[in-house]
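Chain naming follows the written order as A, B, C and D, and within any one chain the residues start at number 1.
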Amino acid sequence: MSGSAVLLIDCPDQRGLVARVSSLLYERGANILHADQHRDQELGLFFMRVEWELASEEVSGFDLNAFRAVFAPLAVELRMRWMLTSSTQRPRVALFCSRYLHCLADLLHRWRSGELLCDFCLIVSNHRDAEPLAGFYGVPFEYVETTAGTRDAAEERALTLLEEKRIELVVLARYMQILSPAFVSRYPAAIINVHHSFLPAFVGARPYHAAHGRGVKLIGATSHYVTEVLDDGPIIEQDVARISHRDQVDDLVARGRDLERIVLARAVRWHLERRILCYGNKTVIFD
Amino acid sequence: MSGSAVLLIDCPDQRGLVARVSSLLYERGANILHADQHRDQELGLFFMRVEWELASEEVSGFDLNAFRAVFAPLAVELRMRWMLTSSTQRPRVALFCSRYLHCLADLLHRWRSGELLCDFCLIVSNHRDAEPLAGFYGVPFEYVETTAGTRDAAEERALTLLEEKRIELVVLARYMQILSPAFVSRYPAAIINVHHSFLPAFVGARPYHAAHGRGVKLIGATSHYVTEVLDDGPIIEQDVARISHRDQVDDLVARGRDLERIVLARAVRWHLERRILCYGNKTVIFD
Amino acid sequence: MSGSAVLLIDCPDQRGLVARVSSLLYERGANILHADQHRDQELGLFFMRVEWELASEEVSGFDLNAFRAVFAPLAVELRMRWMLTSSTQRPRVALFCSRYLHCLADLLHRWRSGELLCDFCLIVSNHRDAEPLAGFYGVPFEYVETTAGTRDAAEERALTLLEEKRIELVVLARYMQILSPAFVSRYPAAIINVHHSFLPAFVGARPYHAAHGRGVKLIGATSHYVTEVLDDGPIIEQDVARISHRDQVDDLVARGRDLERIVLARAVRWHLERRILCYGNKTVIFD
Amino acid sequence: MSGSAVLLIDCPDQRGLVARVSSLLYERGANILHADQHRDQELGLFFMRVEWELASEEVSGFDLNAFRAVFAPLAVELRMRWMLTSSTQRPRVALFCSRYLHCLADLLHRWRSGELLCDFCLIVSNHRDAEPLAGFYGVPFEYVETTAGTRDAAEERALTLLEEKRIELVVLARYMQILSPAFVSRYPAAIINVHHSFLPAFVGARPYHAAHGRGVKLIGATSHYVTEVLDDGPIIEQDVARISHRDQVDDLVARGRDLERIVLARAVRWHLERRILCYGNKTVIFD
């Protein structure tokens, strides 16, 4: 297969939505690979993800622009929010990190192995620790100093870099700075963070210390989109690991690294595969 | 809501299947609650489950027989195997058990609590241990003796009981007898068993002993449809639990009981909700 | 084996504790079955659990009272809190419940199967729903009405029943009333509750609604000792299950029942086997 | 703390073992950090791990050689197999890999982060893919060609390298060659492999294909010591992940990589921390 298209839709629920979208695709000759729908009955919302072939041995070529033209009026009629993407256009991604590099190293290795279909165009950090890794994987590295008094300037600098590189997705791979609402508002549902607790337990700083203090028997990690409210954005993925009274804070930190790597990597992959729809403060994850 | 209909389909894959089925339902006025599709690209097969309302405040009544009449020719044309069921008709179920009663007690309690939408019409056992539980939950109990020389007669007796009660699903809740191919062939994809290992590891008798002997670090349980080949039928659900060198065989047995209860209960519920399609030796589970 | 003794110890850490306790047992001829120690280095505390045979084919009889007499001065010298129990004395337990009976039914079945080594002497409820189950398992049932204005009288009545029955452990099997600090203070580290969330996330009422509202990807359940602060006592066990956007509140409730059953049953079993030591607001669980 | 000693013991079970070992340590002034025992009652075996401080602010220095001299006669008397190691001597480790580099990259990053207390002295591969990673982390890389006719020569070459580097532990990080019994016998309980299935299910080649063919609902990975019988050595760690009918073989491979990384990393860490005792075909893992 030499590529596929993905259509993501959400709109008020009403009868015949699946019939109308799938009939339109059928008429245009689309060979559907996956289709999934979800209804939130409480809120009366409908969500859909359809993926079809763009070209293959059998398909000489699906005309994506022509489809876009006929789909747009239907979307207006049915009050849809929609996004149509092609796997031939790889999203441009920036990675932000600080001194803990396990998530960064993990994402870079997955990317090199072909697991993440995107272009890593930029690594931004307020420390220099990641520079050798960036060099090894051939990703441009930018050191952006952040000190108490210079957050605004630092964010300005980071935003300029993101624009220059035409970044579509920002991944906070254990970036230890809080982004301002102004920054966050520039990338709605396009900044993914990993928090080292099972949110909403232990919001804020030092969650492993808090978990140890409370004596929980499982620790967790959470990947989520960043919104203006700290640690409160739509949750994408969570996982947990069992601990015991034998584990000190350092052990939780070590165990937690494996969780952080995995929940962040899953979130990034699902975002890149256009499997995530945000609504309210939640996510639909099409599997 | 006063009921819903479920249509389960599998057929050779081809373009337009979703469009044609969903359009037909749309034309008949169905209010679709859930729809899910799956393609097995390797085998070129298509699977679909659609659930829609039969009647509600807004829906005065969907005519299931009329739909059946118009759907049948389409199914022939597209070479579909299909099943159309209504939630207003509760499946009639028989439970088989021996001396271990944890799965039986669990299913009966879930049924009493309204978690399992079926009629438990019969409990068959080669021991009398389950009789008080059957009495407490008001399910007819039949003792069917099985000894070395009388398996054929015992199966004959059990089949007669199943026919008298018009049983549609047989659940082997830790039933310690092996059913003959002749018996099994009477209930294709309608006998659910629980095996106390993570199949295909440790097929056959005494799997906890085998797991202990091999020194595994996780034990499992598997629910599956029964076929003529022992422990080889389509797997419905599996789960595992962590064990350690401290656990002796008795500990594995005790830990395993919780797994057995849960994987069997899930399988029974999914079957009753028409979420399972068998193909080859595998299952599609629509969630 | 016809019984074993368990010694639970906690004291300030110092050198030679294991040597002194194990030497004393060795001198008295104890055949140790299990021994486990834990040090909390941060707090400088030492915890130990030792289990040994009381009588067997080889052991004509270990004199528990004689051991108690020689151990007591050592315990004073080393500033130990300690508890010495014999498996021949089964703890007397009361179960409290309301209208959700899944935890109660589960505990009663485990008890009947020999999994829980205790005497269930009493079931207390503010509803009559559990009465048939109590009757089936032969456990005395007491209906204690609780209305807005009568909590004090109801607790008084419950305490009287607990005293009459000489209850040592109270299990709240989804009991939907909040116990007063006065009640709780009568049974320190002897009231076990199950909370239907992954504490400390979603404390308080309706945690499944809260979990659904927040859009988490895992739900949990927690068993803990009850203290005067609601949902804040020492955590004994926790477990989680994966959910998705497809799950409504009712689905979370249903999925959660399996978690609640399991984390409560484990907590009760570990308490009965003297595997739990509380310190501060945490637990050591000897496995 | 500037180091600790670990004593691992296994011997026939008898009374007083804990008392005698802990008393000896107490007399020599050892400050015990952790102590754990296990009895296999079926086989009548006793296992023990003790860890104590070698020097700290309070401990001017524990004389390990003097202890060894007094412990040796006791060990003979009690028929113990034993190993006494100091954390100040870091084990020398070789990594073997082929073309899949996820386990190698993971181990190297953990090592760099300080999670694995050893010296990675050598990377051996029958492909050149790992050479850049080896260079980045500064570990000597040796390409050893293995073709159908040259296995003996290749193993000879590898053994020479291992001896030159005085390697104590060999980690097969997805090394796709089967080692000969002669090779294996040179490193008893000192070669760790990761197998990409939940052993003993799906032994041999292409386990993800086999798992897909059988239609299992969970896939697994297993780390184990290598013995002369393929995929049959003592299991160290296992973990599983949930899959569904939607997952093709490629998806299993991708999901499985995360399992392989984690179970292999845990096995290596536990081996380095002297937490593993082999007996028969099983392991005791001291946590």
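Heads up, the rule we're going with is that contacts are C-beta pairs under 8 Å (C-beta built on N, C-alpha and C of every residue); 3 or more make two chains touch, one makes a residue touch a chain.
As the structure is a computational prediction, the values presented were derived from the model and not from experiment.
For the two copies, chain C and chain D, the CA superposition rotation is 180 degrees, given to the nearest 5.
Of the two interfaces, B-D and A-B, the higher number of touching C-beta pairs belongs to B-D.
The distance from the centre of chain A to the centre of chain B, with each centre set as the mean of the Cα atoms, comes to 37 Å.
The mean-CA centres of chain B and chain D are about 42 angstrom from one another, to the nearest whole unit. Shown for chain A are the residues that touch two or more other chains, namely 41, 244, 246, 287.
Here chain C touches chain D in the complex through residues 15-16, 18-20, 22-23, 25-26, 29-37, 39, 41, 242, going by the rule given at the top.
Those residues of chain A that touch chain C in the complex are listed here as 38, 40-42, 198-202, 214-218, 220, 234-240, 244-246, 248, 280-285, 287. For chain C in complex with chain B, the touching residues are 101-102, 105-106, 109, 113, 115, 132, 136, 244, 246, 254, 257-258, 262, 265, 287.
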